[in-house]
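Below are two complexes that have chain A in common, paired first with chain B and then with chain C.
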Partner chain A sequence: MKVFWAEIQKAHRRHDLPVAVGVALIVVLWASASSPTTADELATGYSGLLYTLPIMNAVVMPVGMAALASRIWDAETKGQTCKLLFTLQSRDSLFAAKVALGMLENLLVCALECLALPLLGAFRGFTESVNAGLCVWLVLCTFCVNGMLYFLSFLLSIRVENQVAALAVGFCGALIGLFAAFMPRWFSYLVPFGYYVPLSPVGMNWDSDTRIAEFFVRPLCLPLLAGTVILAAALALLCRRAIRNKEV
Partner chain B sequence: MTNIIETHDLCKIYGSHAAVEHLDLVVPQGSVYGFIGPNGAGKSTTMKMLLGLIHPTQGTVQLLGQPMNDRNRLSILRHTGSLIESPAGYAHLTAQENLQIVADLKQVPRKDIDRVLEIVHLREYRRRKVGQYSLGMRQRLGIAQALLGSPELLILDEPTNGLDPAGIQEMRSLIAEMPSSCGATVLISSHLLSELEMIVDRVGVINNGRLLFQGPLDQLRRHSRGDILLETLDPDRARQVLLANRVRVRDGNSPQCLILPALTDAPLAELVRRLADQGAGVVGVTRRTKTLEEIFLSLTEHGEEVG
Partner chain C sequence: MLLRCILAENRKLHGAAIWLVFLIVPMLSALYGTFNFLQNLELLDFDWYNLWTQHTLFYTLFFFAPMVGVYAAYLWRLEHLGHNWNLIMSAPVHRSYLFVAKFLVVAKMTLLTQGWVFLLYLAAGKLWARLPGWPPAQIILWLLRGVLGSLGVIAFELLLAMVIRSFAVPVLVGLAGGVSGMLAVSKGLSLLWPFALMQAGMNANRKEDMLGGQHLPFVLACLVWAGIFLAVAALLLRARDVRAE
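For the complex of A and B:
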């Protein structure tokens, strides 16, 4: 517990909390701006939101997670603190504390996004009833994909002292992820940055002649979620190894 | 006297390069031990091995009377303080906040922070962000972090690096007081003998990863004693007197100057008295101190046994 408390103390004045809230806020504001207004659209308001949020997540979250992960490790790089910390605590405990803090921030982002769903619906006057189960699935998938991207950025931050590397990968990942969202389904499986979209609980049929969008509930893609978790775990192990082998 | 640090056959090899070779370091309790060697000699590598920051290729480390291993490393290091290469600190936090983190991780009461800030004269700057500190202040903060919890052993790697002369003087007196004020044994490294000779009582000289000398400072001083420059009004007479006393003489870089081999204090005083009695007109006697490199050469040439 003391190592986690130390991690919390390090975050003081580093403004991690505003960054995490900001990441969620960008998605929520974007979703709010593109919310439906007509009566027909309001009748499928939540379905539309559950369809568009993963696409927005695919754009914002890779950069957001890279920012959060690199800030958490950058403090040690800039402060040249590893050689001191490794005499005070085990390398594994430092890793665990940073993962705990990162996952808490991830949870905060997801919780804010989840909280925003009914609030947005109420604010915009959606007439469709909210499907709590689909919302939970969305939050769960967002959390897992965010976690995987967090570990990827964290690994880059440990390996490359210049934190621009993690952010640059985040930016590129966001672009590729968005591109993959509109590609055939098999292609989207190849781009982990965009896993938000194939894990989305809602799909859409777009009729270009009538210009009518019809939303439908998709079967939950459990194998992809399991793959995401396995990938996240593998990246976490690589992060732990990188800290264990870090030269000081 | 017990030894607070003992290494046996300590080696660190990177590929084909041996950074440290067969090092048997012995640091007695209560001493200020100067670890001297040029850049790249293996000082930092040794200190990192002592702290378990890097694993030795071969050999053992015993700290505070206990053989150190992965299991007991952190519990042993709880009684030590260290400053390796450059001071560590979170720039966005104040000195007080930085020390709180270290105190919590070391499981030291936070009230100890006041004591160490007082020792390093940073008390009035405690609420200033470390990012706004000068290098000297950061070094002192590094020492404060090391002093938290009144450690039995302080391992300081070139703590005066980058400091101005006033800062070096301040750091020097701070370290010299450690054994008496805090009861700590100090292992301090430097590439300058002159920087340490005023504060250490034992020294270890390392070069190319090998310990060339280990022992009391006085013993090393015998090696560092260089030639003597004798300036006289009558160099010919002085030369006759010196030859009569079987002292080898070389010409200096001016007609009035002669160079004598290294002599200890008593024979030198006797020689000066005789020169004066014989009317050689002694104007000046100057000991030429050897540089660290010359001491290394001297140690190597004489095949000095590491004691």
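For the complex of A and C:
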């Protein structure tokens, strides 16, 4: 607990809270601008949001998670504090504290995004009723994919002192994830950066002749969610190993 | 003295990891743009302008500003490590030159990036899409306008990377800037927001020239935004003393 409290204090001095809020705000700002306005669109407002939010997440979150993970580890890199920390506490406790802080920030990002959904709906005057179950599914999937990307960025930050690596992989990943979002479904399974889209609770049928979009509720893709959790766990173990074996 | 500062900044880029970003990001964007173009030929015309709309779609909207953020953050990160702030602040050069040199070096990298974007566009159009003829000369003008439009973003990102001693924040702010720029362009406010200037200059995702006859206001807006951020940086460097790590 003491170690976690120390991480909280570091995060406070680093101003991590505004950064985490900022990550969520980018998505909310974008979603608020692309919200529907006509009566027909307002009748499917929440479905539209639940469809577009995962696409926005695929652009923003890989960079956002890379930024959060990079900042959490960069404090030790820049301060060259590992040698001192490893003599004062166990390496596992440092890993656990940093993971707890990262997941807390991830939870904050997801919670803010979830809170923004009904607020955006009320602000825009959506006539569709909000489906709480789909919102919970969206938040759960976003949290899991974010967690996986957090561990990937964390691993890169530990392994490579230069933070370019984590950030560059993050936003190259965002570009590839976005690319995968519009590819056949089997291809999107190959790109973990874009898992937000195949895990999306709402799909869309676009008729190019009539130019009418129709939203539909997708069956929940539990195997992919399980795969995401397994991948996140594997990356977390790699992070733990990297900290355990780190030369100081 | 300014020239020496520029040479020093250039030397920091030798063998730097950001060259990988420079190479890979436009390449991914070109791959995606060309693929998208070829997949949507029932909606798009088979010409160079339509290929341009797809190549610039995500590159200018979401990935250009974070890329500039990476360039800027990398150059300032070196000063934030160890006692390098003390070193550069005690160097016998005008403090503003330190910032201006970084600004010019990032602007040079942006120009090179635009050149790389054009080469990829040309290669994708001729070798992959097999478009007839050659790209219109107007595209080169749009690319150069993109460099001009990016000056404000470069100055802002450098200012941010100087003030906030974090590598990640300028990159994240770049992404937020890209989204806000897209919104500003959609509301017709491209001249009033630095992140929208680059998108307007590049004519992102448009076939018709977004600027029309507004070249002079565009150039003025680019210079004013860059000037504001350069002035703030100069003021901060003069007012704030060395803060050793």
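Everything below uses one rule, namely that the second predicted complex is superposed on the first by the 248 of 248 C-alpha atoms of A that agree within 3 Å, B and C clash if a C-alpha of one lies under 4 Å from a C-alpha of the other, contacts with A are read in each partner's own complex, and residues count from 1 in each chain.
The criterion applied here is as follows: contacts are C-beta pairs under 8 Å (C-beta built on N, C-alpha and C of every residue); 3 or more make two chains touch, one makes a residue touch a chain.
Given the structure is predicted, the values throughout are model-derived calculations rather than measurements.
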Partner contacting more residues of chain A (chain B vs chain C): C
Touched partner set for A:F179, first chain B, second chain C, both or neither: second
First (chain B), second (chain C), both or neither touched by A:V248: first
First (chain B), second (chain C), both or neither touched by A:L88: first
First (chain B), second (chain C), both or neither touched by A:A233: neither
Partner chain in contact with A:S70 - chain B first, chain C second, else both or neither: second
Partner chain in contact with A:K78 - chain B first, chain C second, else both or neither: both
Partner chain(s) touched by A:R13 [first = chain B, second = chain C, both, neither]: first
Partner chain(s) touched by A:W5 [first = chain B, second = chain C, both, neither]: first
Overlap of the chain B and chain C footprints on chain A, listed as residue numbers: 14, 78
In the complex with chain A, residue positions of chain C that touch it: 16-18, 20-21, 24-25, 28-29, 31-32, 35-36, 42-43, 58, 62-63, 66-67, 70, 73-74, 77, 80-81, 165-169, 171-173, 175-176, 179-180, 183, 186, 245
Chain A residues within the chain C interface of the complex: 14, 19, 22-23, 25-26, 29-30, 33, 59-60, 63-64, 66-68, 70-71, 74, 78, 162-168, 170-172, 174-176, 178-179, 182, 208
Chain B residues within the chain A interface of the complex: 48, 51-54, 74, 77, 80, 82, 84-93, 97, 100-102, 104-107, 145
Interface residues, chain A side, partner chain B - complex: 2-3, 5-6, 9-10, 12-14, 75, 78-90, 247-248
